[in-house]
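These are the structures, in structure tokens.
Here come two complexes built around chain A, the first alongside chain B, the second alongside chain C.
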Partner chain A sequence: MPRGKKRTQPEEVPERKRRTTRRTKRAIEEDEAEEEAPEEPFVPPTRPMVDHRPLPVLSPVAQRRLMKELESLVKNPVEFATIDAKDDNLARMIANLTGPAGTIYAGEHFVLQFTFPATYPIDSPEVVFLPPHVPMHKHIYSVGHICLSSLYDQWSPTLGIRGVLLSIISMLASSPRKERPADDADYARECTLNPKDTSWAFHDDRC
Partner chain B sequence: MEDDEFEEDEGIQDEDEEIEEGVSPIVSAVEFQVIAPDQIRDKQEEIKAQVADVLGLPPDLCQMLLIQFQWNKELLLEKFMDNPEKVQAEAGVIVAPPPPLPAKFECDICCCEFRRADGIALNCGHLFCRECVRGHLENAVSQGPTCISTPCPHSGCPAKYPEPIFASVLGTGKFLEKYNEFLRHSFVEGSHDMKWCPAPGCSFACISTGGGTACKCRCGHLFCFRCAAEAHAPATCDMVEKWTMKCNDEREDLTWITGNTKQCPKCHIPIEKNQGCNHMTCSRCRHEFCWMCRGPWTEHGSETGGYYKCNKYDPKKHDDPYAVDAKNQLTYYVHYFERYTGHQQSQKFASGQLKKAQEKMVELQSRPGYDSQRAAFILQAVEQVIECRRVLKWTYVFGYYLKDGPEKNLFEFLQRDLERTTEHLSELSEAPVEQIDRMELVNYSTATRKFLHNLMVGIENGLSR
Partner chain C sequence: MRRYPLLALLTRRKEMEAQDRPSDEAILEQLQEIKSADQAPLIAPIRETVILCQEFDEHNHQRGQINTVSETLSHYRAVKRDGNCFLRAFGFQCMHQLITVGSPEEKAHFRDRLAKIYATLLTFPDMSPMILDDFYEPLRDMADAIVAGTLTADDLLQKFNDPMESDFLVMFLRLVIVAHLRTNHEFYAPFCGGSVEAFCTTDVQPMGRECDQVQIIALASAMEVGVEIISVDSASGPRDPLRNVFPEGMPPRIHLLFRPGHYDVLLP
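Moving on, here comes the complex of A and B:
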């Protein structure tokens, strides 16, 4: 399962990036002037994830397809996952995940949020973990964004909710260590609410 | 050809048959073929057919293989001979026909039921309804260039959509147009002997048929086939890249050079340059000076014997009020940058003169003894100025990176010759019709071409006498 590291989309960041570089430069100069300013202790980034974007209005195809998917998930549930959907608006669903037995996450509780675009399933859903229920994983950022190619450019319209859940569970099951991506702090500063705005560069599992 | 008028200039006498009129010694149009977008398609079909011939597969599938190999036919054939299954799998090509399809099916995207005839399946046998396939393909096209290898919507299925399905499902419209454009781009960008003309808005592509680098597009743009910058002989691609970077670094500090206004060295009123030639006359005090070096023009003419030396960098000359902060390095750079910019501005100005030259030609044709052919010398002179300005501009990049020594001396000698005649030709060509002396202009055009030739050949021969 390819996953990887992010690069934020060019039109999103350059302005901000440039500012960051300048600030860093000045910071270095100041440091030199003041002779070793005491190093700030590392504080894990937290960012308000208050999402004020209006929910998409689903097309009839998307509605029918999601109804079918829910039916199938009731009939034949995915192990370690339950879906919480409100009949009046299928554009957003919550999945409660339990760390799979026999893995380093066994028994932990995670919350996954699906937001379906109007053009679902031609377009992929936006899938994020809701802080603080975010697994400690090398390819999952603390803001909840998941580095998983099938959610972005490798999405295929037949994958569906089940396919996404299975991919994420297998991602957890194969994790040897609890750790964050190396660029977690930078990413938290640069990303937008929608992980699909990030242009993801996927590596293989060794990254 | 007329060759009187020139007394002291050796080299312009009677050897002008060496260079054909109108053909520049540094641009060989023979080495490039310029093609329009619809001809690109023909080229593409040609290669498809060649591969289909060798592999014995349908051309549309061969196109998928070629796309996978960025249109590198040789590499594709080689890899295919090694391991055809692997190559096909990676390209999403399934040669075997699909398994028997059911009479009715449920589309896995929209969850509706359809008859087989209303569905579309690749050889993988995954049936989807036409509407959903259309949505899938349109979405792929709006994602960008990767749409030319769009996979079957079935999760994990390797099969990819060939061009005919795009054409039939998308119908006519902007999505198909976009798809075709991406396809064309993948072809031109993949083919190592083909390049897009870099001029903005130009859709021609150029095919290299020889070893040359200066390519002239049908739109008139002259560019370097290797680095896509403006054709830059005698400077190398490497020099141009370094120079451009250097100029970007220094730009902010040197805006006074790139501006169109300088002070009169005598009375100090600001003077705006509104002509291509560097012979300036102050509007207030009538002082004549050189725009490039701000020295008196009297020192620039051949009459005084105090030749045109403003192309040579002289570290002792410190009369430049702007360069007082001068570390030598900066004044050295400023010297070249100022002249580079000067010729660049003059080149632009001369390009703007083309229209005026045509008007002058028309005016001239109303006179006895002038037909369009006989009046064409005015236009040719301006074209000659444009070319010389462009080359002179790049000689200052070349010169900047050239180490001191006898080669540099010879180079500066040749450069000075070309600069001097170009300056004169430029001045002559900007004159109003009634002041134009045909013979003089023709002579100077010929002389300038000659000096341009000498310079380029001199550099080609390594600048040794």
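Moving on, here comes the complex of A and C:
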């Protein structure tokens, strides 16, 4: 059975508390109690992640390409998807998806966020679903990260926004049941804001 | 790994820690290696081939093989190790050779091949001028300038060392391979694990994917440019490296040195 991803680099490793002679006995005991706590505290799968990262500054080539892609998407839209782009900064776009008719997601509303790197289209965009508008899917984590090879190591500059939208819609259309990845809770604890930091392992040709 | 060398190192380090933690010196050395690889130019200036002998110890067959190579191809250009080395080396050397010693016919042929391949690409339903032009136009303009005699070898080197421009040129060469494999899919399918389409998606179109024999044959055949691959390999004899010319029977215009996982440009 395909099962997405594994191993991420945490954004920041919390500094391990160090004991010094100056600290009181009580503080040490508290620390010990903490360390000996048999179970890790429960972290809800959708831990709030506030994105404070500045948006990339696009190269002129990237801007030109994104303008052309937007034009093409207006002229010839992708079914079940509409793009919201702000003229002042093309580095971030929102796509509103509707569950494709005739699938288990029919009529549901999902929100996809694209963040384009300065080196787009050579490097892939960061594409995530924005909670809570995340489809219940075997390869989509509740934090919004998507296990889809064409977003990571099989990205090709020829795909573009249209290619990504089509892949995601076909991923939804072929899903037989609504479920989360088996490691959803673990992933939510480990992952960073950027799904490209995760080293994804793909178990079939796409996920 | 091209995109996150440090991340890759950290991941690798984690894996190694699980079994046997390397010394801090080894880690530092590795970091230094990655750092210097990151700063290496995409196409380096010309150096003497014999320098490469230093990479191998005295008893290694590869050392003798490099010596043999240096007798006829005394110079080389190092190409950055980023998974695009074959394409970058091929593209650069192909055009450099045209600029320096190419006949007017060869120059026009190069330009016409590109135009023809672009036209072929446009016949595929998943391609469009919107997708292709960013990659095709810079190369077409260079080919035109080569024909007109307005592109110098220095301009070429500069373009190939600009990360963005260089990657766009590499990308078009990837599309040249896609066009050739798709057009001749019946011939190539058995060498592509059965499906040319799947092979293109996983092994041709993504940037940073290394080229193997199939991609080399496809590119050389599509461009109708003979390329000789000289492989120094510890499996071959003490003096003679393995030599292959693609496409077979065509006189080679480009010579590339292959050491497992990497290609550099060789020059007379």
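The rule we apply is simple: the second predicted complex is superposed on the first by the 163 of 207 C-alpha atoms of A that agree within 3 Å, B and C clash if a C-alpha of one lies under 4 Å from a C-alpha of the other, contacts with A are read in each partner's own complex, and residues count from 1 in each chain.
As a working rule, a residue touches a chain if its C-beta (ideal position, glycine included) is under 8 Å from a C-beta of that chain, and two chains touch if they have at least 3 such contacts.
No experiment lies behind these values; they were computed from the predicted model shown.
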item	value
Room on chain A for both chain B and chain C (clash or fit)	clash
Partner chain(s) touched by A:Gly144 [first = chain B, second = chain C, both, neither]	neither
Touching partner for A:Val61 - first (chain B), second (chain C), both, neither	both
First (chain B), second (chain C), both or neither touched by A:Pro181	neither
Comparison of chain B and chain C by chain A residues contacted	C
First, second, both or neither for A:Ser199, with chain B first and chain C second	second
Partner chain(s) touched by A:Ser72 [first = chain B, second = chain C, both, neither]	second
Superposition clash, chain B versus chain C, among 135-143, 351-359 or 369-377	135-143
Chain A positions touched by chain B in one structure and by chain C in the second	61, 64-65, 68, 119, 121-123, 150, 153, 156-158
Touch list for chain A against partner chain C, complex	7, 9, 59, 61, 64-65, 68-69, 72, 119, 121-123, 150, 153-158, 160, 196-197, 199, 205
Touching residues (chain side chain C, partner chain A) in the complex	3-4, 7, 10-11, 14, 126-128, 130-132, 134-135, 163-164, 167-168, 171, 174-175, 198, 201-202, 205-207
Parts of chain B lying in touch with chain A, wherever the complex brings them together	108-112, 132, 135-136, 139, 143, 146, 151, 153-157
Of chain A, residues touching chain B in the complex	61, 64-65, 68, 119, 121-123, 150, 153, 156-159, 163
